[in-house]
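We call the chains A, B, C, D and E, going by the order they appear; numbering starts again at 1 in every chain.
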Amino acid sequence: MNAKAIAAWGIAAAVLVALAFAPSYLGPYGIGLMIGIAGYVTLATAWALFSGPTRYVSLATVAFFGIGAYTVAVLSESLPYPLVLLAAAAIGLVVALVVGLSTLRLAGVYFVIFTFGLAELIRQLVTWYEVNVTGTLGRYIFLDLGPEDIYWQLLALAAVTLLLAWWIGRSRIGLALKVIGDDEVVAAHCGIDIARVKLALFALSAVIITLVGAIQAPRWTYVEPAIVFNPTISFLTLIMALLGGANRLWGPLLGAVPLFLLFEWLSANFPNHYSIILGLLFIAIVFVLPKGVLAFTEKLWKRGRAR
Amino acid sequence: MIVTAILAGLVLGGTYALIAMGLTLQYGIARIMNLAYGDMIITAAFLAFALYSGAGINPLIGLAIAAPAGFILGYAVYALMMHPLVARAKDRVSLETDSILATFGLLFVIQGVLFVIFGGNYTSYSYLNVPVTILGTNIAANRLLAFVLAVVIGGLLYLALTRTRWGTALRAVAVSPSSAALVGIDVDRQARFAFALGGALAACGGVVISMYQTFTAASGVVFTMKALIVVIMGGVGNVLGALSAGLILGLVETFVATYLDPGLTLAATYLIFLVILLWRPSGLFGRSAR
Amino acid sequence: MLEIGDLSLRYGQHLALDQVNLRAAKGETVVILGANGAGKSSLLKSIAGMVKPVAGSSIALEGRVLTGRPAHEIVEMGVALVPEGRGIFGDLTVEENLLLGAYAKRARNGESSRRAFVYELFPKLAQRRAQYANTMSGGEQQMVAIGRALMSAPDFLMLDEPSLGLAPVVVTELFATLRRVRETGVGLIIVEQNVKVSLSIADRGYLMEAGRIVGEDTAEALLRDPAVQRAFLGMNTETSK
Amino acid sequence: MTTLLEISGLTKQFGGLTAVDGVTFSMDKGEVVGLLGPNGSGKTTVLNMVSGLLPPTRGTVMLNGETLTGLSPNRIALKGVARTFQLVRILPSLSVLENVVAALAFGRRRLWGTVARDEALARLEQVGLADRADETAERLTYIDQKRMELARALAADPAVLLLDEWLAGLNPTELRIGIDLVASLGERGVTVLLVEHVMDAVRALCGRCVVMNAGKTIADGRTADVLADAEVVRAYLGAEHA
Amino acid sequence: EDRKSVRIGYAVSKTGPNAGGAGITTIPNYVLWVKDVNDAGGLELPDGSKLPIEVVEYDDRSSAEEVVRAVERLATQDKVDFMLVPWGTGFNLAVAPLFDRFGYPQLAVSAVTDKAPEFVKRWKKSFWLLGGGHDYARALAAVLVEANKAGTINNKVAMISIADGFGIDLVTAARPAFKEAGLEVAYDKTYPIGTSDFTPLINEAKASGADTFVAFSYPPDTFALTQQSQVTAFNPKVLYLGVGTGFPVYFKNNGENATGIMSLGGIDPNNQENAAYRKRHEEVTGQGPDYWGSVITYASLQMLQEAIKRKGLDREAVSEELSTGTFNTVLGETKLEDNQLRQLWWTGQWQNGQFVGVAPANRPGASKVVLPRQPWKAQ
């Protein structure tokens, strides 16, 4: 029992170390891939932190992602980099608290579309502010950060996020989230302070997402609302987490990695029929893996062991 | 000025309401969150465009072709793709998840096909772009058509859904499919019909919009999201809600553009949407029960 | 005649019904007794087409096969169910619930007189026609569920614990009404924990245990059966003698 | 005896409908009181206001001299009020055990880990569900779900327990077990407010009854007296039960 | 080594929101050029040998992250010899550091930026071919001042712009340029991407009393503005609309009504090379080129082709040649100044079914501006 736990931690640590050395054996393209994967693994895991157990499907991902990226764009010239990240996290936190407080009464699809509207509202406000107050729209980020630096930061963030997800899953607050996801009336009658729990988790998840945006931004040199507030990011995050299984620790990761590689493979090989093939594959996945990738792998695993 | 603003706002809102009608049926009644909805609209728009510029067929006749085609497409999509998902869903949440994932795939397929056939270019033509003077204000006939269609379809649907047994049965399917079967309602058939009807309405919207709005194969998502906002703001499954929400958004947009700052129109529409949801968490006409 | 032969039902590994045989005639009242988890609700749900029994089971109404038919067709053929947990349309009004009760084609004739009958039976519903069903009290919802089933003009009416949550005076009225319903030629199949009252209007009764039928007799005989008395009537057999 | 729960002038309006109309009564510690009344008379609504699910239109609820009115349900739960629901509310995707642990982890005792597990198993044992602890809650039958709900309410270690038709749907054998269970709670000092239509249970359990009709209290007193009251018989019991 | 082909790679938005722009300005020209070159036997090298082009293409799906990774893939996995640029200012900037790092010359066409002089210092092998907002704004101001002097129009301008990189760049340049020219900006508003109804803006612009209406707009807005101006009988004497005015479909949809409308870009109607290019473009791709970026895209490819012919496949040398050489393209004789193309038509106008360059007026081949524009005719 205990030996097994030690082994699991050991393996996790070894994998992490191996991943950290990836830049030395992967070319620039490989690093680019790893950045994308680490980014989406973090996004999906952070998203599932809140949305998985509570079933509050959020489309506000890109709002925080964009806030992170924009903060870097605005502050990168005037503050040292670590402080910029800190500032991004702080702004993300404040926005998350405001958003969290305002969405407490919403449920189901109303919450989903509310968060979408919110992301769009933030994008519109940023645009309006830039246009009317600063008089520019695009901003340039000339930070001296190579792809390796971005990769290492994302890898670290991904590891921390998974660790947090693991810890929350075993902790009281994890149970509170599940209870809230099942029935809020019961949750309240059990003594759970629903608002506080929801807010805390939403904020945590949002801060991580903000950091992903902040860390990735220097890769694009040029940042504008249409680029960093692209709703596709929200949708992909959601789809990856759902596909992997948003209720399990490894679910989002197992959704993000294969899906990302699939996207990559398709766009590398079928630039002209990408959409059609992707769409068909997607539909096929929904039909073949009704309970998500993780449930499927678990089933295979069990079957394998039963033999 | 104010009359002009009101008229312009109502007419713009008519477009929003028109595109939302079908979605509120598909999501509100057939319980399918159809992310490919906007792409169905765009498909119809391309169809109208192809008929008009390729075969010289008047878009009004195009409407008569596209609506049944949309119905058939919706019917087929439900029967082939959605029915198995509905049948295996153990509760509403899992059906929602599955339908989001599946229609997300469908969205890519439709978009991909449109890209292959029509390319990525901006497509636009103009039809019925003639002024109609109402209360001294010139309004484009094509936009007026959208408004009139929205009001007529919305009104008819509302009456059908609330005043007839058939419509009540459709709503019953939305409220509780398992109980609906217990009173003799063929849930699958009703849902399929509602979804197909939603497809027909999407097609109508697409044809009318193509007369005055530029579109590309990628524009579907924009329409889906706009329609979703209207549907949610009105209350899921509520046709009158969709109609009023659409008109409100149109009015807000026009008034902000006229009296405040055109740069804030979208911000204002999202803001009003958010405020309405905060005030009524289940939309304007939604019932508070989950 | 409703005939059930060798009906078995599985939930995954769990065998909830095990070769159940049962029959009920039109105009007859049959009560099914059994402990918690015996499979009574499962039996009614299988007949109503809400769950699919295993192959080899047979359910027939007047010789016509019901097995494998979807629930909505079964209603059309004349079998209605008031399910456990009520299953009313919460987001519709009381009136709309009743309207839908008469959705089946067979129920369209005489709809208004049946509606009048339901309103007479439960005056509360007439007062609250326009109220949304999910804001009704628990007992009021039960009335909606029973009323809705009556609206479908069934040949056989199955009730899963109809008295649950009803005030004593309403329960008395309900069973008086069920007696009247039976007199119109409708067959009744009732699952009830309120055994005394239900047996008092019943012709026959079945005993279920762990998914099987373990006994069958006339209502009077069951009322006198010491085992039944011990298990279902809350009587201590020694003292009651 | 000391007054534990005090309800005064409690009123609830839904639109034009006054569902509860100036209800006033109090309960002593360890008392088991029946709250009776015809369907729709406002019993559940009273419980909802006590547990904080609904805010009252007027009136107050006090526990041990502390005002509960205006507090959120979770605060009220922490003050020692637990309940079951007329239409059972389970946490369908959690296991039976977790359903009970939920009340332990966030309740007054804040138990967690093996302590919580053992305690939860003990509560399940009490309602006869210990052997199904690891099943998913949604697979239980309706009655078993009700039992689980009671175990959850008990796990909160309540001072006041609100039972909304918890005994409904039990067969006589089960009913007797249920009655014994509730009676034992009363003996252990738990104050129970029992909404019930099963008269055998009310007679066996409640020393006192409050009867409501159309939102108002129409009787409050010793059970035998109340059940013989002419108006109670007319409005609620019917001639047969009198 | 014995090569069989030259690998040319590009990532461009074939799908997504940017596909509309890329689909008219960029992709057809890439297709056309590759066909032209390969039909002629391939790319010529200094020794006179010819190698056919082998294309490696990706779809960036209008995502910044995707275009960055696709360029990395082209450079390090596919190891292409040369890379063509993606569509759009933002995307050209996003990939600029990569082109620089991997040593590829970047002939950025569909990127309008006033910062080009800075960029050429930061990324030595980058070339910016479409000018900046100031160029277009000043040229327009000059046209307006001219017309005002002639008494054709008053000195008021109503101006709207899209809240996106392009619109903002142009409007921030236009404000000082108009002021300097003594023009009064009577209405100046920005609208968000996705606006579909312009009635309120048109009404306000109408009410402002300006004879000139300027919209720095994107194609869908340009089309909608044209339609809605007709319906509301809005007839400014000068109508200047943004991107999309130079699309062939614009003339197709508006016919005679297009005449007199102005926009960015244009052509010299007497340039035979250009006319031939337009014809070939239509034959090969099935659609006409637009009158602004298309021809420049094609010209940039011709420059690359010629530089390779002179210097071979050495990217360093080719970059050097692009920067200093003089080339014969469909634009005529073309030479970059400080890695930027400055011989551009800053303002054009629809005349006789063609969108002709009218400013700079002193550039050879310039057409004369015809103002005022005729009021809308019923179609």
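Note that in this section a residue touches a chain if its C-beta (ideal position, glycine included) is under 8 Å from a C-beta of that chain, and two chains touch if they have at least 3 such contacts.
What you see is a predicted model, and the numbers here were worked out from it, not measured in a lab.
Student: Considering only chains that satisfy the touch condition with chain A, which of them also satisfy it with chain B?
Tutor: Where chain A and chain B share a partner, that partner set is E.
Student: Give me the step distance from chain A to chain D, shortest route via touching chains only.
Tutor: Contact-graph shortest path, chain A to chain D, evaluates to 1.
Student: State the smallest step count from chain C to chain D, taking one step as a move to a touching chain.
Tutor: Minimal hop count between chain C and chain D: 1.
Student: Which chain's C-alpha centroid is most distant from that of chain C?
Tutor: Farthest from chain C by mean C-alpha position: E.
Student: Which chain maximises the distance between its CA centroid and that of chain D?
Tutor: Relative to chain D, the chain with the farthest C-alpha centre is E.
Student: With respect to inter-chain C-beta contacts, which pair, A-E or B-C, contains the greater number?
Tutor: By number of C-beta pairs in contact, A-E is the larger.
Student: Suppose each chain is reduced to the average of its Cα coordinates; what separation in Å results between chain C and chain E?
Tutor: Chain C and chain E have C-alpha centres separated by 76 Å.
Student: How many angstrom lie between the CA centroids of chain B and chain C, rounded to a whole number?
Tutor: About 43 Å separates the centre of chain B from that of chain C.
Student: Quick one: chain B and chain E, Cα centre-to-centre, how many Å?
Tutor: A distance of 36 Å separates the two centres.
Student: Residues of chain D that contact two or more other chains, please.
Tutor: Residues of chain D touching two or more partner chains: there are none.
Student: Of all the residues in chain E, which ones touch at least 2 other chains?
Tutor: 14-17, 62, 163, 190, 192
Student: Which pairs of chains touch each other in this structure?
Tutor: Here the touching pairs of chains are A-B, A-D, A-E, B-C, B-E, C-D.
Student: Residues of chain A touching chain D in their complex?
Tutor: 172, 175-176, 178-179, 181-183, 185-194
Student: Chain B touches which residues of chain E in the complex?
Tutor: Against chain B, the touching part of chain E is residues 13-17, 19-20, 22-24, 27, 62, 160, 163, 189-192, 194-197, 199-201, 203-204, 219-220, 223-224, 227-228, 230-233, 244, 247, 249, 253, 287, 378-379.
Student: Quick one: in the complex, what on chain A touches chain E?
Tutor: 27-29, 32-33, 36, 39, 124, 127-128, 130-132, 135-138, 140, 142, 216, 219-222, 224, 226-228, 230, 232, 264, 267-268, 271-272, 274-275
Student: State the interface residues of chain D toward chain C in the complex, per the touch definition above.
Tutor: Against chain C, the touching part of chain D is residues 14, 37-44, 86-87, 139, 141-144, 164-165, 168-176, 197, 199-200, 235-238, 240-241.
Student: Once bound in the complex, which stretches of chain E touch chain A?
Tutor: Its residues touching chain A are 14-17, 57-59, 61-66, 68-70, 72-73, 75-77, 89-90, 93-94, 96-97, 115, 122, 163-165, 168-169, 172, 190, 192-193.
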